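A, B, C, D, E, F, G and H are the chain letters, set down in written order, and residue numbers restart from 1 in every chain.
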Amino acid sequence: MAKIRGHVIIKTEECKGCDLCVIECPQDSLEMSKSLNQKGYTFSILSYDTCTGCTNCALVCPEAIITVYREGKKVKATRPISKGQSV
Amino acid sequence: MAKIRGHVIIKTEECKGCDLCVIECPQDSLEMSKSLNQKGYTFSILSYDTCTGCTNCALVCPEAIITVYREGKKVKATRPISKGQSV
Amino acid sequence: MSEKIKDNVIESMKEVWERTKLLHDAPNHYCPGCGHGVVHRLIMEAVEELGVMDRTIAIAPVGCSVLAYNYLNVDTQQAAHGRATACATGIKRVFPDKIVFTYQGDGDLAAIGTGETIHAVNRGDKFLIVFINNGIYGMTGGQMAPTTLEGAKTSTSPDGRDVDLMGHAIRIAEMLALLPGAYYITRQAVNSAKAVRKAKKAIKKALQYQIDGKGGTCLVEVVSNCPSGWKMTPEESNKYLDDEVFDFYQLGDIKVPPKEEK
Amino acid sequence: MSEKIKDNVIESMKEVWERTKLLHDAPNHYCPGCGHGVVHRLIMEAVEELGVMDRTIAIAPVGCSVLAYNYLNVDTQQAAHGRATACATGIKRVFPDKIVFTYQGDGDLAAIGTGETIHAVNRGDKFLIVFINNGIYGMTGGQMAPTTLEGAKTSTSPDGRDVDLMGHAIRIAEMLALLPGAYYITRQAVNSAKAVRKAKKAIKKALQYQIDGKGGTCLVEVVSNCPSGWKMTPEESNKYLDDEVFDFYQLGDIKVPPKEEK
Amino acid sequence: MNKKQLMKGNEALAEAAIRAGLQGYFGYPITPQSELLEYMSRELHKRGGAFVQAESEIASINMVYGAAGAGARVMTSTSSPGYSLMQEGISYIACAELPCLLVNVVRGGPGLGTIQPSQGDYFQAVKGGGHGDYKLIVLAPNSVQEMADFTYIGFDLADQYRMPVLILTDGALGQMMESVVFPEYDIEKNRTNHSSWATTGRVNGREQHVITSLHLQSEDMEKQNQILQKKYRKIEENEVRFETIQTEDADFLLVAYGLSARIAHKAVNLAREEGLKVGLLRPISLYPFPYQAIEDLSAKVSGILTVEMSAGQMVEDVRLAVNGKVPVGFYGRMGGMIPQPDEILEEIKKLYSPKRRQ
Amino acid sequence: MNKKQLMKGNEALAEAAIRAGLQGYFGYPITPQSELLEYMSRELHKRGGAFVQAESEIASINMVYGAAGAGARVMTSTSSPGYSLMQEGISYIACAELPCLLVNVVRGGPGLGTIQPSQGDYFQAVKGGGHGDYKLIVLAPNSVQEMADFTYIGFDLADQYRMPVLILTDGALGQMMESVVFPEYDIEKNRTNHSSWATTGRVNGREQHVITSLHLQSEDMEKQNQILQKKYRKIEENEVRFETIQTEDADFLLVAYGLSARIAHKAVNLAREEGLKVGLLRPISLYPFPYQAIEDLSAKVSGILTVEMSAGQMVEDVRLAVNGKVPVGFYGRMGGMIPQPDEILEEIKKLYSPKRRQ
Amino acid sequence: MNEEIIIAGFGGQGVLSMGMTLAYAGMVEDKEVIWMPSYGPEMRGGTANCIVVVSDDKVSSPIINKFDTTIILNQPSMDKFESAVKPGGNIVYEANNVMNPPTRDDAKVFKIPAAEEAKKLNNPRTMNMIILGAFLAVKPIIEISSILEALKKVLPKRHHHLIPLNEKALRLGMELVGKD
Amino acid sequence: MNEEIIIAGFGGQGVLSMGMTLAYAGMVEDKEVIWMPSYGPEMRGGTANCIVVVSDDKVSSPIINKFDTTIILNQPSMDKFESAVKPGGNIVYEANNVMNPPTRDDAKVFKIPAAEEAKKLNNPRTMNMIILGAFLAVKPIIEISSILEALKKVLPKRHHHLIPLNEKALRLGMELVGKD
C-alpha cells in the first residue's frame, strides 16, 4: 500500500514547546528542538520524512501554528480549505 | 361504640376566618361566625357537640389558636403535653 | 352549651393539643389561611420536642416570613435575600454544635439564592433547609417565581406563565438530590391534617439527623399556598394544591440517607 | 530536506489543514499545552464553516480566557465573573437572530455563576455555552474549583480536596440536563486528536441548532487541562485526564434533543 | 395619545421608557419598585420589546450589560438592596461605556431596612457605589411628570455620552399618582444607532468590535480612565440641571432634591408667609452637581440649609460648593421618615438671618 | 515567636488575623488578594478556625454575617470587583451591628480593570458602597508591618463598636515583602464575649436574640439609624488616626494615605533636599477622617496637595476639612499606575509658596 | 380650592380605590391631584390608607400631616387619624365599623351608616361609594358626573355594568349627610 | 547603605526567588528590606521582575523607577530596563540570553556567562545563583553566609540538600566578575 505523503509547516517562533504534537503524531515525524526560540521555549520540528498529513498534530496544537499539506488524494478535511488555495 | 368526646377552645380574637379548620373537621363540629372580630374577620366557633378531639382543626390552623381537649382515653398526641397539665 | 357547662366538660378532659411554647404569644402577620403559620408551628414543635431550643438558631429569609423571629421564639438571624444558606454555613462551620435551620421561600431559595443553595448542599453543610414553595413571590405582591407552574397567572405573568419566554417551573429539590452533599430531601405539604402530620415527622427527622451529626444537608420542601398571591380563598388554594400542584411537585421523599444507620 | 526541496514538495500538495482566518493572527497568552487554545480554534472553525461570523457574538468570561477576544476574531463582550450567561440572555432576547455563545471556565460557570447558569438554561435561552472544565481556577493561580476532584491538591486545598470540608466535585452538566430548557448537553475533551474531532462536531452541531432556531440552551462541556495549575507537564496533564478525570466526568452526550427534528 | 393621565410614578416611568423605544427590560421584584416591573411585564412584549424577569438583580444588570453592548436601548430598575447588588455590574458598564438607564426607587436603609421612601442612597449614586473611578449621570425627579420626562432625557443622555444614566427616585414618588402628559418623542430620530461600536456580529466582514472593561496593562487602564474623566469634565460643563424657586430676593437658601424638594418648597411658602425671605435650589442632576449655581447663590445669602431624607449626604456636596463662604446647616430624617414642612420651617428659623445683598 | 519575619502584606495580614483569634474565614479567590485566602487555607484549620472557600464574594460576606451574628471573630478579604459584590451584605452587617473584619486589596478599576494597585475605591469605602446611611471604620496601612498591626486593631475596634472594620489596602502592599514583627496579643483578654446579643441558642432558656436589619415601621428604622449615627459620632471623637511627617515647620502640606503616603514621603524628602519646606499628613483612619488635624494644619500652610492613586476621591474630604482656607490641589494616577516621587515633586513646585506663619 | 384628604380603614373596604376614584374625578375636572397610598407594615388585610389632594393649583408637597377631611372606616384608623384633621375640618366616618365616635369638638363630624345602607343595596362593596357620596355632600368639590367618569377608569371593564349601582350608592350617600 | 535593585528575566529563570533570597539575606543582617514582584499581564512563562531594596534605614517609597543595579536575564528585559539604571549604576546581565549588550556608557556593565557555567555545574537552575554571586562581587552589600541562611527560608525543606551546590554557584559567580 503506497503511503500517503504529507508535510507540515510549523511557525516555530510561536511554538511553546508543549510537546503535544510530538506525542500525538502517529508517524513519529516530529521532535522537539534542543535550542530555544525567542520566547524561551523549545519548539517542534518535522524531523522525519514519515508524515502522512493526518492533521493530528494540528488538531491538538493549542497555538494553531501547524499547517498540514498532503499529496493529491482527497481527504476528509476537518475544515474546508478556503477557495483559491493553490494545489 | 361509644364515641370519644372532645372539645376545642379557639382564641376567636386571633382568628382570621380562613375556614380551614371548618373544612378539615371530620365531625362538622365547627362553623364560621356571621359577625366580625375586632380585626375585621369572621371567626371559627365550635357549634356542634360532635367533636371527638381529633386535633385536625388544630393541625391545619395557621394561627395555632385552637386548643384541643379529649376525654380520658390515651391518644397518640402530635406533641407531648407539657408536664403538670391538669386532667 | 353555656360557659359553665363548657368549663366542666374541659375539666374532665385531657388537653391533647396546645400551642407550643416556642411560638411567641403574638398573632402573625400572614394572610388568612397561609401555610407559613402552620410550618412555623411544626418546626417549633419539633425543636421543643427534641429539647434543643438552647442551641437552635433559625435563619429567616427575605420573603413573607422575614419576620419569622416575631413568631419563632428561638434565636434568629434574618439573612439577606437568597443568602440564608450562606448565613447558616457561616454559623455552622464555626459552631458545629448549634442546630441551625433556614426558612426560605421559593424566590429566596430558588431564584436569587440558587447559587448559595446549591453550594451549601454541595458542601454538605449540616443544617436543615425548610423550603416553602408557594410558587410565587408572596411578599412583593405576587410576582412569578421560578417555581410558578406553566400557565399560572401572576402579576408578572399576567397571561399565564409562558414557558417559552419565562422558562419552566423548576424542581430544585430534584436537582439538589443529585449532589452527594444532600443527606435527606423530602417534599411535603400542610394543606390537610394528614399532610401536616407527615410534614411534622419529616421536619423532626431532619432535625434529629442534625442532632446526631449525620453527614450532609437536609431539605424539607413544603409545597404550600399563597391565597393572596394566587387570588384564591384559603380553601380554593388548598384544593388547587391537591388538584394541580402536586401533580408537578410530587410529594414524598426524594432522597433518603444511604441507610438508616443507627 | 533543504528549503528548496521542501517548497517543491509542498507545491505538489494540497493544504489540508490551516489555521482558520477567524483566529486573530496573534499568539495567545495561554500556558504551553493549555486546552483553551484548542477550543478557541474549534469554535472559530465552526463559525467560519457555518458562515455566521457576521452575526456571531462571543461572550468572554473572567478566567484565563478573559482575553479571548484577542484570539477570536468575532464581536465579543467580556462579561463580569460568572455573568456570561446573563449577558448572553440580554443580547439574545433583544436580538434573537444573533448567534451567541459564552465561553466560561468552571469557576466562572459553576461557582460564582451557578445561579445565572441554571436560570439561563431553565429559561431555555437559545445560545451555546462552551464550558471549559479544568477543575481549577487557572487565572488566579490554581485555587480549588467546584469541579476539582476529590483529593486533588490545589493552592487552597493544599492537602487535597477533603470532601467533608470542601464538598464534592460538582457535575453541573448533569444537573442542567434535568431542566427542560436544556436542549443539547454534551461532555467532550480535547486531549487527543480523536477527542478534538468529536468536540468540534459537538460545537458545530450546537451552533447549527441555534442557527435553526431550535428550542433551548446548548452546552458543550470540555473537560480540559491546566498544566500550570495542576503542576504537570502538558503531557502529564493530558494523561491525567485519561487516567483519572474522565472516570468522574464521563465523556459523551448527556442530553440530546427530543428527536432530531428536521 | 398625549392627553393627561393619572398614573403612579413607577408606571409613568415605565410607560415613558416604552415610548422612548425601549428594546429590553430586565428586572427583579422589589418593593417599592415592583409596579414598574409589572407594567413592563404587561406592556413591553406587546409593544415590541423584550421583557425578562431575571433571577436576581445581578443577573438583571448583566443582562443590561449584554443587550446594551449589542446596541440596544435597555434598562433595569430596582430599589436600594437590589441596587447595592448591581454595583459590580454598574462599574463594568461605566468602564465599558455602555448606554443604559438604571432606576433606583430608594427605600429606607441600611440593610433590609423599611419599604418607606428615603434618600439614603445619595452617596452610593453619586460617589461610591462600585469600585473604581467612574460616574453616572444621576437625575432626580420630584413629580410623576418628571418620572416620565427624565426617562426620555435619561435615555438620550445615555446615548449621547455612552454611559449609564441613573434615575434616583424614592418609594413615595414611585407609588403616588399624579397626572402626567407624555411628550411627543420620535424614537427613530432620537435613538442613536450604535452600530459603530456595538457587538452586532461582523456585518459585511467589518473589523471586530469588543466590549470590555479589562486592560491588563496599567498604562492602558489609565488611558481608559482618562477617556472617562474627559467625558465627565464635558458632562460637568454641559449637563448640570437644577431649578431655583424664589431665590432672587432670598436671604436664606434651602437646598433639596426629589421629594424633599417638594416638601422644602412648601416650607419656603410657609416661611414667606411669615415674612422670611427663603429660596430653594433644587439640584436635578445630582451628578453633575450644580456646584457653581450654589456657589453663586452662597454669595447672596446669609446661610444655607440642606434638607434630605438621610443622615446628611448631599450636604457634603453643598459644603464643597459653598467652600466655607456661609454656614451650611442640615436637616434630615432617616430610615423612611419624611421631613415635614413645619419641621423644616423650624430649622430655618434657627438659622435664618436677613442679609443685605450688595 | 515574636521575631522579625519577611512576609508578603497579604500573608502578614492573614497571620495576624489568626494570632488575633480568628474563628472563621470566608473568601473567594481574586488577584491581588489570593495569597491571603491561600494562607488561610493552609493555616487556619490547623490552628483552630474554620476556613471556607465560598462559591462567591456574596456567599462570603453572608457567611461572615452569619458567623459574626453568632458571636464569632470572623473576616473576609477580596479585591475591588469582589468588594462591589459585597455591598448589600455590608449594608446588612452595618445595620445589624455585627463586628467583623473586611479587607479590600484594591486594584485598578473600574470594571474588571487591571490587577495593579490602586486607590480608586476610596469613595466606595468611606462614603457610598452599599445603600443607606452607614459607615465602616476604615484603616489604611502603608507597610507590611501595618498590615499586621491594623488587623489586631481592626478586630478590637469591630468588637468595641459592634461594627465592621475595613482594611483598605492595595495590590502592592498586599504582594510586596517587608519584615514584620507580630506583637504579643492575648486572645482571651481581647476577644469580646458577645453572648449578650449573639445568636447562640437560648442558653438556659434566656430571652430570644435576634439579628436583623429590618424595621418595617419607619419610626423604628429611624431609631436604628439614630443608634448608628450616635455610634458614628462617638467614633469620630475617639478613633481618628493619622500620622504627620515634618509638618512642624512646613509651608506646604501633602496629604496621602496608604502606598501613596510612602511615595509622598519620599517626595517630601526630595523637596526638603531642594529647600522646600514640605510636610505630609497621612490619614490612617479614612473613616473617621482626620478633618480637624487637616483643618488645623491648613491654617499654617500656604497650600495643600492631595496625592492619590485615583482620579481624586479623598481630596474631597481634604477640601471639606480645609473649607476654603487654602487652595487644595490634586495629583493622581489611575487604573493601576503609581505616582512617582519626582512627579509629585514637580506638582509641589507648581503650587508651592513659602508662607510666614503667625 | 385645595382639599387635602386622608381615607383610612381595613384593606378590604375599598379605601385605596375610593381615593383613586376621587383623584381620577379631580383630573377629569382638570384639577391638580395627588393620590398617595400608605405603606403599612402589614402584609395583607391590615389597615390601609391613602392621601388624596385635589387642588386648583400645582401641589407642592405630597407629604401632609394635617388634613381638611379625614374619612374613616374602622376603629384603628379613627384612633390614629382623629387628631390629623385640621381645626375646622371634617371627619366623615362609617357608623358600624367605628365603635368610639370622635371627640374632637373643633371639627365637623359626620357619622354615615354606610355599611347598613350597602346591605340594603344588596352589595356590601358599595359601602365605600356611599361614604364617598357623603363626603361630596359635605365638600362638593367634584361633580358626581366626574366620579362616574372616573369609575370607568378605576373599575376593570368587566365591572362597568356596576357603574349604575355605584351611582345609586353615591347619591344615597349624599342624602345621608345631615340626616343623622 | 541603600541599594535599589531590579531583577528581570523570563518567568522560569528564578527571577523572583533570586530577589527573595537577597531580601531574606538582608533581613538576616538586620537591614530594612523590600521585595516587590511585578504584576505583568502575562499568564505564565512571560517576563517577570522584582524590585529589591536593601537599606540601613527605613525605606520610604517601595515604588522606584531608577535603580542602583539592574540584573537582567533576557533580551526583552534588557530592552525594557537598560534605561532604568541610575547614572553610575551597574548593569549585570546574563551573556547567553541577551543578544544585544547594553549601550549605556554612564553605567558599569557586567556580562556574566552564567548559563554556560551553570551547565558546567550540571544544573541549569543554578544560573540565578551564579548571577547573584556576581552581583555580590560587584556590590558586596550582603555576606555570603547570610545568603546561605536566607536560602534555608526560600527553599522548601526537601531542597535543602542543594544549598552546598548553591554556595558553589554563588562563589563561582563572584569569581566571574572582572574576568570578562
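Observations on the structure shown:
Everything below uses one rule, namely that contacts are C-beta pairs under 8 Å (C-beta built on N, C-alpha and C of every residue); 3 or more make two chains touch, one makes a residue touch a chain.
Remember, it's a predicted structure, so these values are computed and weren't measured experimentally.
Hopping across touching chains, the smallest step count from subunit C to subunit E is 1.
Look at the CA centroids: the one farthest from the centroid of subunit E belongs to A. Look at where the CA atoms of subunit A average out and do the same for subunit C: the two points lie 61 Å apart.
Note on chain placement: the centre of subunit E and the centre of subunit G lie 35 Å apart, centres being C-alpha means. We define each chain's centre as the mean of its Cα atoms; on that basis subunit B and subunit H are separated by 86 Å. Distance from the subunit D centre to the subunit H centre is 41 Å, each centre being the mean of its Cα atoms. Multi-chain contact residues, meaning those touching two or more other chains, occur in subunit C at positions 30-32, 66, 78, 80, 111-112, 114-115, 119, 123, 139, 146, 165-166.
Chain contacts: subunit F has residues 55-56, 58, 81, 88, 92, 112, 115-116, 212-214, 216-217 touching two or more partner chains.
Chain contacts: subunit A has residues 16, 41 touching two or more partner chains. Listing the residues of subunit D that touch subunit A in their complex gives 1, 6, 9-21, 23, 27-28, 30-38, 40-41, 45, 48-49, 190-193, 196-197, 200, 227, 233-235, 238.
Subunit D makes touch with subunit F in their complex at residues 62, 66, 78, 80-82, 107, 111-112, 114, 137, 139-141, 143-144, 146, 155-158, 165-166.
Subunit F meets subunit D in the complex at residues 28-31, 34, 37-38, 41-42, 45, 53, 55-57, 81, 112.
Interface residues of subunit A, counted against subunit D in their complex, comprise 5-7, 9, 14, 16-20, 23-24, 41, 49, 53-72, 75, 77-82, 85-87. Considering their complex, residues 23-24, 26, 49-50, 52, 54-56, 58-60, 62-70, 72, 74, 88-89, 92, 199-205, 208-214, 216 of subunit E touch subunit D.
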